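Structure first, then comments.
Letters A, B, C and D mark the chains as written, and numbering starts fresh at 1 in each.
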Amino acid sequence: MLTTYSPVEMMVAAAARILEDKKIVFVGTGMPIIASIVAKRLYCPNLLIIFEAGGIDPLLDRLTVSVGSSYTIDRAIMATSMDYVMSLAQRGYIDYGFLGAAQIDRYGNINTTVIGDWRRPKVRLPGSGGANDVGSLSWKTITIMRQDKLRFVDRVDYVTTPGYLNGPGSRERTGLPINTGPYRVVTQIGVYGFHPETKEMMLLALYPNTTLKDVQENSSFKIIVPEKVEVLDPPTIEELKVMREIDPAGIIIPRR
Amino acid sequence: MLTTYSPVEMMVAAAARILEDKKIVFVGTGMPIIASIVAKRLYCPNLLIIFEAGGIDPLLDRLTVSVGSSYTIDRAIMATSMDYVMSLAQRGYIDYGFLGAAQIDRYGNINTTVIGDWRRPKVRLPGSGGANDVGSLSWKTITIMRQDKLRFVDRVDYVTTPGYLNGPGSRERTGLPINTGPYRVVTQIGVYGFHPETKEMMLLALYPNTTLKDVQENSSFKIIVPEKVEVLDPPTIEELKVMREIDPAGIIIPRR
Amino acid sequence: MDPDEAREWVRKNKQREYISKLMSPSEAVQKFIKDSSYVAFGGFGHVRVSIVIIHEIIRQNVKNLIYAAKTAVHDIDLLIAAGCVSRVEVAYAFGHELRGLSPAGRRAVETGEVEVVSEWSNAAFEWRFKAAAMGLPFLPARVIAGTDTFKKSSSKIIRDPFSNKPIVLIPACYPDVAVIHVHRADIYGNAQILGHTIMDFELARAAKRLIITTEEVVPTEEIRRQPYQTTIPFFLVDAVVEQPFGSHPGNMPYIYAFDEEHFAEYLSLTKTREGTLQYLQKYIYGVEDFWGYLERIGGYRKLKYLMDLEKKRTEPIYPWVE
Amino acid sequence: MDPDEAREWVRKNKQREYISKLMSPSEAVQKFIKDSSYVAFGGFGHVRVSIVIIHEIIRQNVKNLIYAAKTAVHDIDLLIAAGCVSRVEVAYAFGHELRGLSPAGRRAVETGEVEVVSEWSNAAFEWRFKAAAMGLPFLPARVIAGTDTFKKSSSKIIRDPFSNKPIVLIPACYPDVAVIHVHRADIYGNAQILGHTIMDFELARAAKRLIITTEEVVPTEEIRRQPYQTTIPFFLVDAVVEQPFGSHPGNMPYIYAFDEEHFAEYLSLTKTREGTLQYLQKYIYGVEDFWGYLERIGGYRKLKYLMDLEKKRTEPIYPWVE
């Protein structure tokens, strides 16, 4: 029996449980794909998965190395262009955007471009890819990432993908679609949302083995803690089974 | 032997001889199609014909009733969208636009919308269709039409498709692509061009059986007549043969 | 409607579930086409156009439609002949291409029964749909500038901040309902068009409601076998109607040719109001549905002939040529 | 380049004649890719990407390329590793998606050997090409607003005159050369892509020069049999290069899968400058052409395995997983 689980598995399970049935999710590389497949297999049979390179609702049975590979159009209902799927997103068809990130701030702004100075970076990261588009255009954006003081920062070194920018109203003022923005952040410590008024990051749930102390010790900004914080169930056997089935090589889900 | 010919056949032959090899022509309904096929068969094997509904270089063996029919994509190199072909035109790929018209003025402005007042027209015509686009975006626009005092008018009742608008420079000033505009007008009386400086209509060629008198008697505006006016040869036997082959039912080319 | 309102509409109204949307033409019209709806038909007026839905609108006597006449031909003309249309946005209408002007349409405009409310070019109309499909308020364009068509449109001109030259901005267009006829679709609405797509790739995303009529309904596995052939994904679609020969007397590329005999009869009868009524009675009011119409126009023998014609096994005739 | 200059360029330079443009990779690079050219590759960085031309650029030691890194992966990384690139416009680069960051690319940026000159999102880059493809100075968009990516791009914000809301204008992008790998093409350049087209439908029309590399050259009649499958018409194309497995080690949908063993070797070797040289020597400098490379990576046996993998006849392995 599968009784132990890794932090990554807990994160993927937590993320999978956020997604809703009969909705469309636009997924980024890695954990978002696994979590979406888990959700689709177990909870949301009508969850529709879209990839930025043009794949719409493929019959995914494996994790893909690339969001543009053959897997992303495998028995899809449509294999089209980036323009098409990004236009769908801009038109309002994407319920959930699902991204990874290197750095995030209290307003959910994401950095995947550089650590350090842009001109002479300490670490050069790949840049936006489709992340900015997904974060700009989806109704609700979910981010899944590792949490520590260097990643949960007061100000991201570079805003690649807009969260709530400088706070309430600033998305709309800059021309981004209204009623959009960060929705959940899933880390190895817990699940976060954003305060409805201040748009600042707010703890929503912990895991069986994480504590409030972990939350604050692994963030450079203060995270709002409401009175009631849920504690999520550990990954179920079914969740773990699906994760390992779709990532048998252990690219993301550790083999044991 | 085919020794007689009709005014329509003379017009089609004259128009066919204007087109050039290794160029792209965007054709409207009717005579432009026949003239382009004649040109391609006899003079310009590498003339490429494009239709507004998305057909590119079909192997045309017949006149088509519609610029969007199966014929327009029959063994084509590409069957695409109106957006695609109009974008090609806007991008500068269309050497010749080839249109029909109900009214024209000295600057080559074309009316295919209404005769009389727009709100309560004497005759309601179909409107622009793709004509405005072709006339706006092609490098050189050829118009083929019947000429009389009601069709060659001082001011068209409605400018559907831009010629040189109010004269030199006015296309550019309004945002239309530079170095574009009306090139030739082919009627049952002759072939016209536009004066390089004033952009006013100018006679270029007559037919064996038409005269300078016919030109002015059938126009409500004064047409510039240069010193030298060519007289075109009558339609050749080959030209007539091709016309009848592609329009065996006599839709445009009179049967005898 | 601005892009944010259009997004909100999509969010609230568009179904993302795999449920069968298969219904009869009559249900589809009842559900989605109301008096005063702003409607647009896919295809090219008499090519791959959903005549089956046109007939049903007429049979249900829907009134005061506003019609997006981006190359409208037989589609709009039937509706006008039957008195279903009150206003038109025109790029092309009231004509039958080489067949000449449409008597019914012309009469209606010239007597004021039908009002032309704006003018566009075909590219401008296509780009209105494209702006809407892309979730944008407008698309820039270099057409219609300087003409009366610009003045009768609701486009604007600005100075392009990059080149400093004037550029036209074409506003997005969101029809209440679009009706697109396709070669094949599944019960959810995943639709594949063979041949040219004309404006339908864009129109499908621009419209608030979308009715697909299809020559045949196929299993979803067949769609998934060639996903690069899909023109319209199911979540854009609100109704799926199966009707073979649903574009008759129009042309359906690769399947059947124009029925020029029928067009000749139509164009001749609609020269008078009496003849128009006679046509509508015989072919639309007087039959129960499109299957009945297909019998009346000559049944399978005629349909077989039109298929042969499309394959060029026989020479076309044009009885309307004078 | 403003749209009028771009039009003028097309008018003067694009061939409308049916002449064979078939040539070797080496000819294509010699003719069209110069030192300091601004280049863009079709596909998705390691999916349907023209590695055959990448190798040839490296073999010919073209210098100071400016690279349009709209999802650039193995394409840009090889070029950077070989010192061919000096400036990059980035939407995505220096990464290998799930395989992690690219050691060669990262090193080059972090040491300043390669300069990032602007930042974009994928949609923004796609719409730059689309603006160019449509002959427009810009396209409006609702992405990149409010971010540093906007600041590092050359986009502008205006107030939309219809809704009065702010809207981003993304400027057109006209690469000097684009290289697109396709499933089949004829000798003139009529090209058909199966599967997703990614940005290539737009990129093909945006670029001034276009090199097509193809898995196979087919007769024109085969193109004309399914004209609705054509992605690129010949008059956009300047060179046609036939190279089966031309995307190796990348994925070619429906034909062959990623060669993850090869990627593992590449990513491991490029951790050091010595290893990088060793890789380039073994696989590029040390072979005469792409056929030689295909032998060196394992020959037909490996290629057969990659075809089986694409058909899911065998399970993939990921030797780079730690």
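Here are some notes:
Just so it is clear, a residue touches a chain if its C-beta (ideal position, glycine included) is under 8 Å from a C-beta of that chain, and two chains touch if they have at least 3 such contacts.
Predicted, not measured: the structure shown is a model, and the values here were computed from it.
More C-beta pairs in contact connect the chains of B-C than those of the other pair, out of B-D and B-C. Distance from the subunit C centre to the subunit D centre is 38 Å, each centre being the mean of its Cα atoms.
Distance from the subunit B centre to the subunit C centre is 28 Å, each centre being the mean of its Cα atoms. Remark: subunit A and subunit B have CA centroids separated by 57 Å (rounded to whole angstrom). Taken residue by residue, subunit C touches two or more other chains at 3-4, 135-136, 141-142, 165, 167, 195-197, 227-228, whereas all remaining positions touch fewer.
Subunit B has residues 55, 73, 79-80, 89-90, 137, 177 in contact with two or more other chains. Taken as a graph of touching chains, this assembly fits none of the simple shapes: it is neither a line, a ring, a star nor a complete graph. Screening every pair of chains for touch gives A-C, A-D, B-C, B-D, C-D.
Residue ranges on subunit C touching subunit A, taken from their complex, read 3-4, 6-11, 14-18, 132-136, 190, 205, 220-221, 223-225, 227-228, 230, 233-235. Taken in their complex, subunit A has these residues touching subunit C: 21-24, 46, 48, 55-59, 73, 75-80, 87-93, 95, 137, 139, 177-179.
Every residue of subunit C that touches subunit B in the complex is listed here, in rising order: 43-47, 69, 71, 73, 90-95, 97-99, 101, 105-106, 109-110, 112, 116, 119-124, 126-127, 130, 141-149, 152, 157, 165-168, 195-202, 251, 253-254, 257-258, 260, 310, 315-318, 321.
Within the complex formed with subunit D, the subunit C residues making contact are 2-4, 135-142, 156, 158, 160-163, 165, 167, 169, 171, 193-197, 227-228. In the complex of the two chains, the subunit A residues touching subunit D come out as 29-30, 52-55, 62-70, 72-73, 79-83, 86, 89-90, 109, 113, 118, 120-133, 136-137, 158-162, 165, 170-171, 173-177, 248-252.
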